[in-house]
Every structure is written in C-alpha cells, then in structure tokens.
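Got a structure for you, written out below as structure tokens; questions coming shortly.
Labels run A, B, C and D following the written order; every chain starts at residue 1.
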C-alpha cells in the first residue's frame, strides 16, 4: 500500500500512526472497517458500557468557532453487542481482498467505578481486541455520574491497578484535559501500570446558547469541545507529560486535522496520533490525506521515519 | 468560521394533511434539493430528521421551507401541540439529494447520465411520510424538463388516510395512484388507466400495474416497502431509494446512521442511494440500528410494533 | 450618547456592560481612554506588579484556529508607574469634551503571595481606581511562579481575605478555567468576601509548534488561549457558577466577539461582559459595534434592558 | 481559518551594505507595500520588527522580500551570525504603508489626494536603517508615475558608514544626498547641485538645501531626526513619517506600540502617520515606552546611549 508509515505500538505493527479515537465512526463494524481501509493504523470502538445506552436526546452536537461541542451521552449497544461488532469487523476485514481494512482494534470501555471497569475488562479478554482503553474522562455524563474519574490521581491508579490484574490486553488510560494537573494524573497512571496513555478527551465542557430561544443548544446543556481549537491544549499536555519524564507511549489527539498538525503532535511527544473531529471537516478520507501529508513532509525534510521527528521539541 | 449555522425561528404556517400528518412551513431562504433533510428541535429534548417537502408557498413565493411530519412519538406529538409563531430551531439541509436528469455527477451510473429529461419516465413511489419529499423532487424534475406526463406518483399506506399529497401531485399534472391495504370505499379502487386512481394493495402491486413504460424508480419509505419494489421493476431498471436510519449528529461523525457493511452514512452519502449502493447493503430490509447502535431485526420489530 | 446601555455594577453606573479586560490595549492611559471613548463601560489596566516587568521575549502571540495564544509575560511598568497612567487617564478623559472617555477603571494587580497582593492593594487605595482586580490566574508565568494561585481554594480565600482587610475599593477576583472545579474556587472567593468575580482568564495554556523549525512558536513555549473558541468554556463556567447558587456579580469574558456572543454571556449569568481578543478581529471599534448589536437584539425582542435577558437560561 | 500565517523558511541571501547593516532576502511571495514591516524571529528568544526594503531581486525577479538590518543588540547580533540557508520565521507584512500619489484613501488629506503623480515632488529622508524602506517607496512612486527627477533622497547618519542605499537610489535615477555629522573625507562635501552629493551635517540641514521645490516629505528614522525636519519644510508642506515604537504583538492588541494621547497603534494605524496625526502626538520626540510600557524620556535616554 503506497501511503504506509509503518509504526510499532506496544509490540503490534500498524500501517500508519493515525488512530480513530473512541466516539467517531465506530459504533458499527462497517464504519471501523471503512476507516481502517482508508488509512487508519488503529481503530478504537465507541466507549462500551455493561448495558446498552441510547445516549442523550438531541441536539447532541453544536458547531462552534474552531471546533465542535458534543454530548452524545455514551450511546453504545453495550459491551456484549460491542464485542460482537468486533467479530463482524474481523470477518469483514478478512473478506476484503485488498486487505488494508484489517487493522488492530482498541476497545474503549466506560464504567463509573473500579468494579465496573474490571468487569468490562474481563469480558474484553476473550475478544478480538488488540488493546483495551479505559475512558476515565467523559465530560458529558457528569450530571449522571459526577466529575470524571480522571480528575483524581487515586481513583485513576485504583482502576488501572484493578484492570491490570484481570486483563490480558495492554491497557491504555484515556485522560481528561479538564483538571488542574494532567501531568500528575498521567504520572499516577504510569505508576499504576498503564501500558500507554491516550490524551486528550474533549475539553471544557462548553456551553452554547441559542439566543433566539434563550436555551442551551445541546439538550445536555454542555458538551465536550473537540476539533482544531483544542489542538494547542492537547499539544501542551503531551509535551508537559514528556517534560515531566513520562516515557509511556502516548496516543496524542485533539484537533488534529492536517499532516502539519500530526507532525506537531509527534514533535510534542506523541507516538500515535488520533484523528476524530477532522472527519467532519475533511470526511473519512482524512486518514489517507493526513498519511500523504505526513509522508510528503518527511520526504521534503529528507527523513526516514516518524521517529526522526518524535519528541524533538 | 462556522460551516453549519443553526436557524431558530417561528413556525410560519402549519397545514393539516391528514389526521396524523401536518406540513410545517418556515420562512427560510436556503437551497434545498429534493431528498435532503433538516434536523429540527424545540430545545425541549430531541432533535429529529425530516425530509424537505417543498421550498415555496403554493402561490410560488420563494424563501420558504416545508417538512411534512407524522405524529408518532413524544417528539412529534410535541410538534403537533405547537402553533404558527412558536419557535423551533433548524439545521441543515443535509445529505445527498436525489438525482435530476441532465445533471449527472461522478456517482451517476453511465446509462442514467445519458438519459435526456424528455426521455426520463420515472415512477415516484412513497410510503407514508416518504411521499412528501418526492413532491419537491417532482417539481425539480419538471423544472429540469421532464414532461409531467412522463412522471407517475404512487402513494402507499395502510389506510386511505395515509395516502398523502394526492392534491399536490395532481396539481402538478402528475397522475397519482393511491395504494392502501384497506380502502374506506373499496369501490373507489378504480382502473388505473393513466396511472390515476386507487388500488387496494401494496406499493409494489401499484408499481406492477403502472410501471410498464417506466425507466427509473424513485422510492422513499420504510425499508420493507422499498425492498418490495425491486422484484416489480422491469429488469435492469435503475433506481434511487431514500433511506432512513437513526440520526444523531447528521454531519457524518457519530456513525449512528452508518449502513452495513460498507459504512455508507445515510446523513452524508445518503439519504438518496443508487441501486449499486443499495445492492451492497446487508442491513436493507433486514435490520436497523437503534439509538444505542444495537442491531434490531425487522422480524422482531414487526412482531412488536409496525409503523409503516 | 446613542449606543448607551446603562448598567450598574457594584454601585457604580456604567454607560455599557462591556469591559476592556486586563492585558488588551491597556498599558497606557491613551489606549484605555480610546477604548472608553469607543464604547467600553469599564476599562481594566494591565496586571500591575510591584516592580516593572519587560515580559517574555517574542514571539509572544500566535494565532491558532478559533483564537490566539499569548504569553506576554505580565509586561507592565510596575504599580507606581501604572497608577500614574490612571492620573493621566483621568486628565485626558476630562479634557475630552465629548465625555464618553470618562469611564470607571478597574486596576488589575498580580503578585505571587498574600503579602504581595496586600502590598499592591494598599497602594491602589489612594489612586483613581474604581475597582481592584486580583489576577489570581495568569497561566503564562508558571515557569517562573508555578501553578496559578487560582488553582487552590485555600490560597484564593487567603488572598481575598487579606486584601479585603486593607483595601477600600471593591475587590474583583479573576479566576482561571484551568482547574478541576472553578465552581468550588468561585465559592471560596465569594465566601472570603470578594465583591465580584471575573472569569475566565486564558485557557490551557496551549502550545503551537513550528514544524519547519521544529520549535515552539512562542518563546515561552506555551501561552494562554483566548478568542472565539474559548467562549463555550467561559459560558459553561459562568452558567455553572450561577447554578451552584453563586449570587456575586460576574464579569464574564472569553471569546466574546459579537453582540450575539454578549447576549449569550448575559443569558449564561454574567452581569458585565469582557471583550479582549475580539479587538484583533474587529479592531478597537468592536466595543461600539457590540453595543449596537446588543441594542438591536433588545429592540428586536421588545426588551427594555439587559436585565431582561440576564441569567435566563 | 487563520488570518495571520507565519512563514518559516531559509534565508535566501545576505548582502553586506555596511559593516553594521546587512540586507536579508527571503523567497516570499507576498504583497508588501512600502512602510510595512515584518516580525522576524529565529525561535531563540526575541521577535523583532523590520521594515520591508524591497520585494524583488536586482534582476527584477519577483517573489522575494528584503529587510535591511542594523546590528544593535543581542537579537540582531544573532542574525549577523546567520548564513544564507539558515532558518528564520516571518509574520506580516503589517501596518499602514506610505501614501502613493494617485491612490488616496479616506485618511489622505484633501490637498494631497488631488496631487497628480507628475506633479508630486517628494523628498525621501531616512536616518540610519530608516532609509531602506524608502527605497521600496521610491520604486512604488516611480511605478505610480512620479518622474525620477521629481524625487530626492536624503540619507542621514552619524558617519559616512551610516549612509545607506546610495547605489540603490541612484540606480533608480534618484539623486541622493548623504548627510553625516562626520565625513571621512570632508572635501567630499560637494555642492548639492541636483541634490546629489554629501554634506557634513544633519538630515535637517540637507533638507533645507534641497527642499526648495518639494511639495511632500516622507521621513523615516529616529523621532528626533524626523522632528528636526519639520521646521525646515516649506510652510504647509504635507508629510508622512514612519514611526518606531516597541512592538510585541504587531497585530494591535497588546498596546505596547500605542502613542499618546490618542492611542494610535504604530503596528496598525502606523507605522506611516500623516502630518495631522503626527501633530497630535505628545510623545513624539519627547519619550518612548520601553518593553515594560514604562515611559522613558529621550533626554534621559540620550544621556545614556545614542543609537541613531
């Protein structure tokens, strides 16, 4: 395949450093397969919960300057149905003679306490998942569940310790930018045994008001901010984690829309780069486009691989 | 810069089409192509997709947008409690519209792109609230130069009360066949000469009777209705179907509306899909995904509640 | 004056609810006078420190999608020279026969501990200041001074208590959005006796990398994010403070660029509305423009005053 | 969408003008008007304003941008250590450029807006590194139809080595007077017939000698130099001066470059100000604001270090 930028991540080889993050085009095996086929190196499932959730009432999205608010409300078919999609995905990808759809899968799970996470993690053990991602940071269900778990070093450490003790898959902790010090929380996650970190989940959250109606646009009132405008915050947090000495692999995301953005994220210290909201601006083909842009940057600079720019600032 | 601006405005007019269907009209000057939809909310919980059924008033005044809505659940019930002047909020239009002859794009099958408007002889077949968007389509077909006599409309429904938009189509000079499983007055089931009248039966049955000279089928309605049309079409007839799937974002990122196995997003690549796209769908007429993304088989669904 | 939207704030009458926030066009009396003349109802000085500071080396600003990063580094001529500008401002405003330049002034001060703030506050007592604002939240001097003071409820409360005990001017606490719970900190500020709150200071901070050079764009590496994209976060924080029962007056700011934005901020619960980075997008005349837009919204809706939309969501 | 994109690129060429002044040229295709400036950084601490002195190579090749830089402090010293091919980063062009006859805008005084290019007889008077931007101005004046013989250039400086850009101006057919307080060879101080030559004296003295037929003065340089010109101009002469103030943001928000008492921002409404604007300045030639915003009187400053 021509636009390959082969990358290793936790011992697994990927055809591209680009990752489909949890929540974007990943409810069904079809969407994940498609995104894999157009150039993602790793796809993440929607965050799965024990029971299915229909999510918040609409409006669930609102475009704002520089990005987007969303409050999907963790709609998902539940862990069992979610893992069924993985089976379908593997079958579909294998059926695809062209092959590129066959990328590794990261299963995202969400629970509200240690037991909930352990429970879900155990179920993932016997699935086709390559990695397990702990969504410790959803900002859109605070009314329901309170402050995100990722706000407390102690809770984060407890969950990771518990999950590591039951789960055979490498564990990725997804962190929230909406805390006083993400670096400290990242440190706690590393110490508790996380295999990698994923940052950032959506920022804020934010509120947009419809002035004609005098009402919040989102039915959930607030929603997490994503898209180009969160990129500087994401870059800073990844960079600060590196500066603090953190050596775990990082999936960096938040506003990555172009090859230039991806280069910045790699330079800041990420090993893989998530691309979510950019699908809105550039379509699902954005994965192929960014791969191309990344390759042409490397070529122009006479560089061999992305490790030559990784963590350079 | 915001690509996708929301418009919050008073309802300009509400017209009762049948007991359970009303047309809501808004003063909104947007380019709306037939088959496209809007997302509508009252900011009281819920935002739902509705197909655009018209973009002018009957007197030809431009700058309006209409949707015809069937009362089904909580959300649509709330809409039926609203009056002209009440405030709602709209975003869109969204989605890929129906094909108009003479205006092919890269996705148009070659044989279709060659048909001249004058030679285009489509049937427009709508089930329930699937019919209104075909009215806007009919207008655009006429504007594109398709002769009214080439076009045939089929409105299908459970009972006579579900047969929508007869007046609107005949007002355009387009013969309208109403197909209902039960007719109030069975004697009304006249001969379908000229493709105009009533039959006691399904959309598919109506199509068999009137589609003799047809070279294109547009359909819009429940999966099973649309699927039932395929065997009735003359061999090799090209068609476009207007799909419904559970919509949340409507801007192509959440994946809620994606179809299997190709991941075609009904809010972006759809709602209007070509035959070659439809033929690849595995979910078509078999299952839909609910709000959670879970698969719900039509079998089970039909056993429960039927909403066609 | 035709575009007046008279508003009362802590007992002082303002000709507009629009506020020039600390750091934008407010180093010299001339800039403040000009902004007042074009429609601000209250102007804030640059945050003043005991000694003068030349600020960070350039680049100090970087435009990003939806906003701007800045790391000015608290450049200011020092409290004494700063208060001299206030004298010049009053003279200049009085000399202006048209009069509208004569608006109240909010003096912003920055220190790194309780004593520093008390010290500065005492000097402001004998000045022309109408209000005193405590910048507890500058994100751009963390390398120098550590985490912003506004990150700790205890510190915020201590500073406010100390300042209130020495200062005769009404005291406004300027808070940071970059904390796990701004609402809790706002509560602590209110309890400690703050007369009003100002929120939000810049978000993040953020990092932007120049990929050609492989270097951070800002010499300070990171800088605070402001402008349109922070508006949803600012609105949500103001709204949450109100929802938590906070009744103190709030100067709401963060990305306000149009009359529609200002209406949203008032609906979310702010009493006055700050307009900073919008000067970049619409020039200093933005104050007059927003006043006009605000008035025409009120007129169209048949409303008498901004109190009719204040806190309505 | 980002309005203000940064360009990071290699230095295309460095030309030594004098021991302490070098012209740096970049391959950059931007519209640059005379009087505008760029912000330049090497990402090693510091970003500084420099006026655009040219936008093509001598052979007429377009798509280049030049600035002529004097070695003064840390930042400029670092630039002088750089070689062609080294990477720097530029944003801009910024600011309001000089007036070009025949192209008035709403700020142009009425008498000036009426002058036809053929009747425009300007003196271009630059002190030190204030001269290079006047070279780009001269080119634009010629393009606008001002005859070369109408234009006179004065370059002022402390010593002969500070007299910049003589060759460039004479290359355009514009007579160039060099005014230096000390001349290497005093006998070089020839008669200024035709406005061409050397005088041992100030810019103001040079202006007195050559400004007889002048109807407009453009000046660029230290405040005190520019201020000294005013008494030497024929009564009622309109002028534009190019100002320097401490610049940080260069996009009009930080207030660092604002002048007193009107708040005119040199990075936005300036650097080129009209006479009617200059006449309202209270700081002009009296004080400047330092990086902190503190007022520094020229008196005190000159007592310390003089950099003209």
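Operating definition for what follows: a contact is a pair of C-beta atoms (placed from the backbone, for glycine too) under 8 Å apart; a residue touches a chain by one contact, two chains touch by 3 or more.
Here is each chain with its UniProt name: A, C = Dihydroorotate dehydrogenase; B, D = FAD-binding oxidoreductase.
All values reported here derive from a predicted model rather than from experimental measurement.
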Inter-centroid spacing, chain D (FAD-binding oxidoreductase) versus chain B (FAD-binding oxidoreductase) (mean Cα positions, whole Å): 67
Whole-Å gap separating chain A (Dihydroorotate dehydrogenase) and chain C (Dihydroorotate dehydrogenase), where each centre is the average of the chain's CA atoms: 35
Interchain centroid distance [CA atoms averaged], chain B (FAD-binding oxidoreductase)/chain C (Dihydroorotate dehydrogenase), Å: 52
Chain C (Dihydroorotate dehydrogenase): positions in contact with at least two other chains: 64-65, 215-216
Multi-partner residues of chain D (FAD-binding oxidoreductase) (each touching 2 or more other chains): 1
Arrangement of touching chains [line / ring / star / complete / other]: line
Interchain contacts, given as pairs of chains that touch: A-B, A-C, C-D
Of chain A (Dihydroorotate dehydrogenase), residues touching chain B (FAD-binding oxidoreductase) in the complex: 23-31, 33-35, 46, 52-55, 57-65, 70, 72, 75-78, 81, 88, 92, 210, 212-213, 215-217, 219, 276-277, 279-280, 283-284
Chain D (FAD-binding oxidoreductase) - residues contacting chain C (Dihydroorotate dehydrogenase), complex: 1-4, 6, 8-9, 39, 41, 43, 45-48, 87, 89, 248-249, 251-256, 258-263, 265, 268, 289-295
Partner chain C (Dihydroorotate dehydrogenase), residues of chain A (Dihydroorotate dehydrogenase) touching it in the complex: 64-67, 69, 147, 151, 178-181, 203-209, 211, 214-216, 221-222, 225, 227-229, 231-233, 235-236, 239, 255, 260, 263-264, 267-268, 297, 309, 312-313
